[in-house]
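Okay, so here's the structure we're looking at.
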Amino acid sequence: MKFKFLLTAAVAVALQAAPGAAQQSENTLRWTSEASLTTIDPYFNYHREAMLLNGQLVWDTLAYKTADGEYLPLLATEWEWIDDQTLEFKLRDDVKWHDGEPFTIEDAVYTFNYISTPENGVNVQSNVNWIESAEAVDETTLRLNLKKPFPAAMEYISTLHAILPDGFFGDTGQAGANGRLVGTGPYKVADFVQGDRIRVEAFDGYFADSPKGMPTFDAIVYRTIPDTSTQIAELLSGGVDWIWRVPPDQAEPMSGVPDITVSADETMRISFLSMNLRDMEGGNPMQDAKVREAVALAIDRQTIVDQVIGEGSTVINSPCFRTQFGCIENATDIGYDPEKAKELLAEAGYGDGMTVRMTSYRSREWTEAVSGYLANVGINVEASVLDYANARERVVNNEVNMMLGDWGSYGVNDVSALLNNFFTLSEDDMAQDEAVSEALLAAAQTADPDARMEQYEFAVNEIADKLYWYPMWTHPTTYAYNSNLEFESHPDENPRFFMSKWADE
Amino acid sequence: MLRFIFRRAAVGVLVLVAVAILTFALTNAAVDPARAIAGDSATADDIRAIRELYGFDRPLHIQFLAWAQDIIQGDLGQSYRQRRPVSDVVLERLPVTMILGATAFLLAVVVAIPLGILAGLKPNSWIDRCALTIAVLGQAVPNFWLALMGIVIFSVQLRLLPASGSGTWQSFVLPSVALAYYAMPTLMRLTRAGMIDTLQSDYVRTARAKGLLPPQVVLKHALRNAILPLVSVSAVQLGMMLGGSVVIETIFAMQGIGYLAWESITMSDPPVVQAIVLTIASFYVVLTFSADVINAWLDPRLRGS
Amino acid sequence: MTTAGHNATASEREESIARRRSAISRYLGHRSLVIGGVGLALLILIAVFAPLLTWHDPYMQDLTSRRIPPIWHGWFYDNPKAGWLHPLGTDPLGRDYFTRLVYGARISLFVGFSVVALSCVIGTTLGVLAGYFGGRIDAVISFIVTTRLSMPVVLVALAVVSIFDGSLQVVILVLGLLLWDRFAVVMRSVTLQIKSQEFVTAARAVGCSNLRIILTEIMPNVANSLIIVATIEMAVAIIYEASLSFLGLGIQPPLPSWGLMLAEARPEIFFAAWMITLPGIALFLLVLFVNLLGDGVRDITAPEGRA
């Protein structure tokens, strides 16, 4: 006890010292996250750290999406829909790659044709599988042919489709296989160690009128640290300047530490309890609608949000985020009612209890909280908390009855980025509902907003009513960083490092 | 002596073959390699094609022989996750673990042997009791707990040492101590027991009683005897450290093969796991082989066995 | 011990009492044996009578009373949340920490004993066979032992657990199948020593079968060494279980394994250190007691090793 007291006192004293002052003088930003990046490019990755954060530092997209959702010119000065399935971009002719070579239309054509070819196997196919091909109309006019009408196209083009130099993947598919690991972005790759760190340094030749602005740091260093407590230790000891996804329980006391700023933001990422309706070996109780309803009734989402998830999170009643096009609010009205849940279970023939398997990939604590509520009504949950790839594997292999999943839609403000990934009869589709799939696919290919909305309304309602998903809550993202850092966070969960800088002393 | 070396070497090779068979069986039970190679967006047809292309549809023993043949030629296969040769991935990470293991081991030896000698010279003295207490406590503290406490005290509070990474020598201090602390008690106890045994042997006692042997000679003699078992155990301990570094490397985010192993296990990359198990086993075999040879050289009687 | 008869002289009686006393005091006077034995017995009692020691359910969540600090935070830091309802506080899901620690003793002890039972059977069988028969059997078994020793325990255990999913049974099975080497090595050398002793050669001369000799002559004489190795291995097994759970590939929630509790409390280390200190201390005490007990038994049964 005495020791503990001393310890606490010593922590308090030690934390008085300003962290990271040295880094500020070197004008370097050091950030860390748990993602182990084995490839540096934004396409052969699931991790937001590579797709967005580093992607935007090293590369540029054709257009730039602001935090308010506005599209600004970036590599393209203007664009225009020729028809439902054709987009034309006017490209800049004064942009240079990091090695000094000029940026040309060949680079853009290569990029879109490479990523849209399914054989090349870009990780998140739904981000690219609506592109048919790209072609050069003239030296600065790029034409993008879509497979089908895809109204949300600019959402993806302005965030995820970083333009790579011609021949970037070579014959082997390795990033920079052609010897040109270069981008047009404000920072150039200086050092990349697979699974460990990425160091980017300011690119002096960046074009002056970019909405991203000129580089503000001399260098930005990313390091993989798999363990949250080690990340916090690094921040507290001044070893790094910025971390995110801080557990809410740590965020609160951390905000009391001098020179550390903590901020929480609601994000587009939502959690959902996905139920498996496919036939499973040995039977699948989730096929019974009463069981699904009982599951939903058993969980007190509000208490979990208030007590466990904390600031920046709200309970949702629709399987989508409210600002996304196609989302309707309050698609479900099922609330917390454990007694009714027990009744329904008894009616369904599970009065003596039942055992189901569930997988999840975000938080052990949330998973346990949900399992705990289900246990209270007699549903024994065998939960496995894994990383995303392994949890998905369980879903694909039809090994689990439920998944406590979440999806951030990559900040794309359209439900296609969410529901089309889970309900279009693919391996990820636990419901395998043809009508829902048809509606979603049709909506994604319709240009008329009213017609789209109608299709989405049907799909969203079906998913909620039939309880393919029980909508849970929105995710807050909690950031913690050195107070001398000027940093602004946004709901699109896209930390724009190019817009932050060290405060003047 | 040559015969002895040859026989031991043969056993070592056989052990490696056995380990290879076990590892292969284990990791092949784990993951469907075709599925892992095909990636997340693959269809059933893709997977079938890959299965045929890579020969995963052949009987298991044939696959093993092909795999073993590749290994003998130095080809450990491709990492599914990093999409490059496993040997590159492992070799890149090996130095960190080697440095960590070696420092931890040296640290353990430098503390344990003098302490063991002192304790053994004067059993039941205060120094002996201190040494034994340290040993008992050392074996009871889980090293990951020690590591976490080290981070809180030396990184967060005192800001003397980095909390993670493997870039500078400072970042090796905490992990080495955490790793060494667990191995130290065994070495210390062994040295102490060896000292006591020798000092109590009739030969030494008589010689000492008659005043025939000066203290230095006693020490030298006792030490020589105490070191014999120490050499064998050291090999085992060093091997165990390479394995035990999994936990430590994960906590300190060190880019060694222990962390790589944990990553590869959780992210289903069996070729890397196979390679790491084989690497550590090879180290163990080489170490024990060297220990046997050193012991045989120190004590010719052992050569017969 | 002779029960002193009526005819016994006073001095004989005294001598007998003194001898008995010295035997008892040799045990009682051995500090580590007493501390280890009593401590372990206490932990076993706690584990067995866990439901009587607490009125909480170790799995019962109460999200409205989560992260309540232990009682002394009320005494020393005037934390109003601390109270006797949860003397050691609650975890982030509002489960009573004392209750989880108490039930956690069951898991650690169960893992310890089961792993040792399994590895003891495997190791002793192999060791005794190798020592007793020698020759080719010995060579083969030695080879198996070397092979096992060259496989890194943590790695292999992690790999196996990741295949079959962590559960109490899998963890016990894996560790039991991996940690038998010390039993084999020690039993082999002990058997070698006993084999050459007179009563064994005598039994063989009378024509006893090998099985009979092993069971009636060898086994009773290896018991001491067995206990010593068992305590060492038990401590090792408990630490390994904790390490696996700590890495997230051991026993799965909501079982209250101490290793898992440590893992779950990892991020709390900076601002609620008690949450990681308490299971740490529990684990430390258990392993310490087991080790002390083993040390004590070794000192007493093998006086030549005694300091």
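Letters A, B and C mark the chains in the order given here, with residues in each chain numbered from 1 onward.
In the analysis below, a contact is a pair of C-beta atoms (placed from the backbone, for glycine too) under 8 Å apart; a residue touches a chain by one contact, two chains touch by 3 or more.
Since the structure is predicted, the reported quantities are computational estimates derived from the model, not experimental observations.
A.B. asks: So with touch defined the way it is at the top, what topology do the chains form here? Options are line, ring, star, complete, other.
C.D. replies: Topology of touching chains reads as complete, every chain touching all others.
A.B. asks: Of the chain pairs B-C and A-C, which one is connected by the greater count of C-beta contacts?
C.D. replies: Answer by contact count: B-C.
A.B. asks: Find the geometric centre of each of chain A and chain B from their Cα atoms only, then give the gap between the two centres in Å, rounded to an integer.
C.D. replies: Once rounded, the distance between the two centres reads 40 Å.
A.B. asks: Per the centroid of Cα atoms for each chain, what is the distance between chain B and chain C, given in Å?
C.D. replies: 24
A.B. asks: So the centre of each chain is just the mean of its C-alpha atoms; given that, what is the distance between chain A and chain C in Å?
C.D. replies: 46
A.B. asks: Of all residues in chain C, which are in touch with two or more distinct other chains?
C.D. replies: 248, 266, 269-270, 273, in rising order.
A.B. asks: Quick check: what residues of chain B touch more than one other chain, meaning two or more?
C.D. replies: Residues 148, 151-152, 156, 250, 266 of chain B touch two or more partner chains.
A.B. asks: Could you list which residues of chain A touch at least two other chains?
C.D. replies: Counting only residues that touch two or more other chains, chain A contributes 7, 11, 227, 229, 233, 236.
A.B. asks: Please give the residue numbers of chain A that touch chain C in the complex, ascending.
C.D. replies: 1, 4-5, 7-8, 11, 227-229, 232-233, 236, 247, 249-250, 253-254, 300, 303-304, 306-308, 364-365, 367-369, 371-373, 375, 382-385
A.B. asks: Per the contact definition, I'd like the list of chain C residues that touch chain B in the complex.
C.D. replies: Chain C residues touching chain B: 32, 143, 146-147, 149-156, 158-160, 162-163, 235, 239, 242-243, 246-249, 259, 262, 266, 269-270, 273, 276, 280, 283-285, 287-288, 291-292, 295, 304-305, 307.
A.B. asks: Touching chain C in the complex: which residues of chain B?
C.D. replies: 11, 14-16, 18-19, 22-23, 26-27, 29-30, 123-124, 128, 136-137, 139-142, 144-145, 148, 151-152, 156, 193, 196, 200, 236, 239-240, 242-244, 246-247, 250, 261-262, 265-266, 273, 276-277, 280-281, 284-285, 288
A.B. asks: Applying the document's contact rule, which stretches of chain A touch chain B when the two form their complex?
C.D. replies: Against chain B, the touching part of chain A is residues 7, 10-11, 14-15, 17, 36, 38-39, 121, 123, 125, 173-174, 193-196, 223-227, 229-230, 233-234, 236-239, 386-387, 389-390, 392-393.
A.B. asks: So in the complex, which bits of chain C are touching chain A?
C.D. replies: So the residues of chain C in touch with chain A come to 59-61, 63-64, 66-67, 72, 76, 92-94, 165, 248, 252-254, 264, 266-274, 277.
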